[in-house]
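In what follows, structures are represented as structure tokens.
Below are two complexes that have chain A in common, paired first with chain B and then with chain C.
Now for the complex of A and B:
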């Protein structure tokens, strides 16, 4: 079965491309030869368990960390050789909620950020600040986790960057603000030509926006495909099997559940439907039903069943 | 897909201007304390007008600017996570240049404060009727070991009339600059600068302890042999801080029982210039190395 990773689309049309990107921490490999391709204008969702390497990938793109091997490019600019040029294209929301200088007031911090981005749109920053209910007189150090996250989002969006790197952007937000944030993000994407690389555990939140998915598992990019490819190649199969049936080797799947009699199996499998059906039939199983999956369930098919996701 | 318009990086002068502003804001609180102290001191002077005695203008002998330069980097880098994914590094500026711009902004504020301090000293001199360029009679000790506990024969003292050159008025500025550069290098380049200071202190005490236990006086004296020239040698730290005035001026008891201020040697402008160049050059080199730890092409 072919691996659903396509590392060689036209690199020139990529907002982000990495080549063998590797990062180790004291001998432990956090990111292992990752070849990421984020097409321009895409909303690319990076999925993976805790510690899979999602945040590390984003930090490497910002040149906040240096790779042990490999290279990364943003709009054709090398992240190490042209770090400032790369960061000028990026609106970054980090994993942590440390929004800047704790002693500073929110309004001052926004003016500080504005000085660094010639494309800063003050009217838009005001609009976002009001929409998020930010109080310019509040000190950054007194903000709650959710308020700090909203401030980070304003700083990331207000210069209308060509690329947004969002690391768990809705983390710490209450359900109302979370919905509002996603609506503002959708509005931003409609108004501004932007590529988004978002790392999240809550894939369902960005399901309506996402058009590409990458799955990281233990530092390796195990899948990278478009939304359409994902919907086409990852499906749930209801299969009737003979007694004592063993699955054919090489089938990639997850979430296998047998019915009470053991004669029926429900299984999420990866691969072209015709190919999977043929292989199951050759192994003596009979496919009764094939159903497409939502983005989150489809992405989870690439992650191990055991352990946190 | 339409090619997106790439954004430009900020102009260096805009970065510098913003760093001056933001560092000024960060320093507002640390600046308040010396400002309040200066005002209180000024009020005290005004209140004691009748009892005051003329105070001559001697900015070169003040240690405060040098001390201020040592502690100011802590305030300049307040709230900055300069190791790791700190906010400063997420901004679109070359990391090393950005760090140096911040250090420069802090230095500009430091020099402003030192200038206010020197002007205040000048005002104090004028208010108390002191002389801006006094002619002073210095008692110079003979060129032999100064008796540690003995009495000094007044006949051995040489009297020299000395007027400090106006170049010595620069001492507070160069002292503050030198110490600020060294402290900035430590704050920027070391993950735990306080641990280093405490560690060195503990090492000295440990050497002393081991030397005492092993009956090895040479071991006990080793730190002193290194530190004394470093602090009080011709080009030592005191030469940077006060043009050696603090270390060459001392109090002695004459054979007559009178206690007087005497000088081991004359203040030397040349020694001060060389010491300043050495310490400031060392500070600049250390600062460059420290900032390079954060450069775009730093090691992984």
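Now for the complex of A and C:
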């Protein structure tokens, strides 16, 4: 499977595609041969624990870092060869809350940002600034974490870029502003054709906006699927098992949770329902109930349970 | 019209929106020729992807429940009465949820129906006598 030389056809319809993207920090692999496919127009949520490689992925797409191996393309442009061209297409909210230019006043910073983007929409920037309650006179350096975040969001959205890279966009925002931010994002999507790649470890926040999910685990993309596929292939199985029953090997999912009586087990398992049910039946478990899951619960099926293993 | 969706509910969001519109029709908070919120407004209010709202509206339009008047917005179809079909669809949805709950607790269909009747009778006998009286009156 030599991907790089023969890109698969669906790459053409991708806003973002990476090919074996790899990044190491002092010998430690932060990102390991990642093949990301973000379809145009998708709201793609990148899920993973802290340190799983989410921020690294976004920084590589911005060409703020160089990959150690592999390539990345944004709307067909190579991120390394055409960094400025790529960045012009992107609205980026970084992991950190530093909006830069600490001595500038917010209003001045926005005018400064406007100069960089031909498509900057001053009326929209004003609208967003007001909606977020940003005061143009405040100096950037005196902003709270939440205020700095809001400023970053205005800067990312106001030029209506075709791609938004949002790294934990609601981090530091209080619950009311968080909801308001996501509502503004929903309006933005209704007004402007946009692809969104959003990283978060709080999946529930963007759960209702997302239509694609990628799961990063220790630098590897362990799952990548549409919301519909996720709904179809990740389900919770309630099964009745004999006393002392052993789980069949090869069933993938989060660990079995036995109820008090020891005869009822609940599993989140990955696979087509019919196939999973058959395998459980063959192993001597009687399937009592199968339920599809919400997006967050389904995505978590690809991550190991917390705590020592 | 009040629309509520729950992203943690495993039902797809566009189906939840469709059900909410149907419910509003049956309850009467939404009537023929009433305007629906725009895709943008509803997406913002529910904090859902605008595409999800579009999908729900498209399906409802296909079913003849709503229609689009170009340049003016989306409206409830003139013949979308809170008629039998909508009631039926809504009742089936409620029944499905009750059944799911019952099965989870190891209860059978007959048991469920019996106890729904029993509980309903008790509730009618208690505080709202007028409601019970009204329903008796209907039967005469």
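The rule we apply is simple: the second predicted complex is superposed on the first by the 296 of 309 C-alpha atoms of A that agree within 3 Å, B and C clash if a C-alpha of one lies under 4 Å from a C-alpha of the other, contacts with A are read in each partner's own complex, and residues count from 1 in each chain.
The definition used in the following text is that a contact is a pair of C-beta atoms (placed from the backbone, for glycine too) under 8 Å apart; a residue touches a chain by one contact, two chains touch by 3 or more.
Computed from a predicted structure; not experimentally measured.
**Student:** Touch check for A:169: first (chain B), second (chain C), both, or neither?
**Tutor:** neither
**Student:** Is A:68 contacted by the first partner chain B, the second partner chain C, both or neither?
**Tutor:** first
**Student:** Counting residues of chain A in contact, which comes out ahead: chain B or chain C?
**Tutor:** Higher number of touched chain A residues: B.
**Student:** Return first, second, both or neither, reflecting whether A:271 touches chain B, chain C, both chains, or no partner chain.
**Tutor:** Touch partners of A:271: none, neither chain B nor chain C.
**Student:** Where does A:183 make contact in the superposed view: on chain B (first), on chain C (second), on both, or on neither?
**Tutor:** A:183 contacts chain C only, not chain B.
**Student:** Could you look at A:146 and tell me whether it touches chain B, chain C, both or neither (first, second, both, neither)?
**Tutor:** The answer is neither, since A:146 touches no partner chain.
**Student:** Would you check which partner chain A:208 touches, where first means chain B only, second means chain C only, and both and neither mean what they say?
**Tutor:** The answer is second: A:208 touches chain C but not chain B.
**Student:** Just to be sure I follow: which residues of chain A are touched by chain B in one complex and then by chain C in the other one?
**Tutor:** On chain A, the residues that contact chain B in one structure and chain C in the other are 41.
**Student:** Flag every residue of chain A that touches chain B in the complex, lowest number first.
**Tutor:** My answer: residues 13, 15, 23, 39-41, 59, 62-68, 75, 80-81, 83-89, 92, 94, 96, 98-104, 108, 112-113, 115-119, 159, 161-162, 193-195.
**Student:** Note which residues of chain B are touching chain A in the complex, please.
**Tutor:** Chain B residues touching chain A: 1-11, 14-15, 17-18, 21-22, 25-26, 78-81, 84-85, 87, 89-95, 296-300.
**Student:** Once bound in the complex, which stretches of chain A touch chain C?
**Tutor:** Of all residues in chain A, those touching chain C are 41, 43, 179, 182-184, 186-187, 189-191, 204, 207-211, 228, 231, 238, 289, 291-297.
**Student:** Give the list of chain C residues in touch with chain A in this complex.
**Tutor:** Those in contact with chain A are residues 5, 7-10, 12-13, 39-40, 43-52, 103-104.
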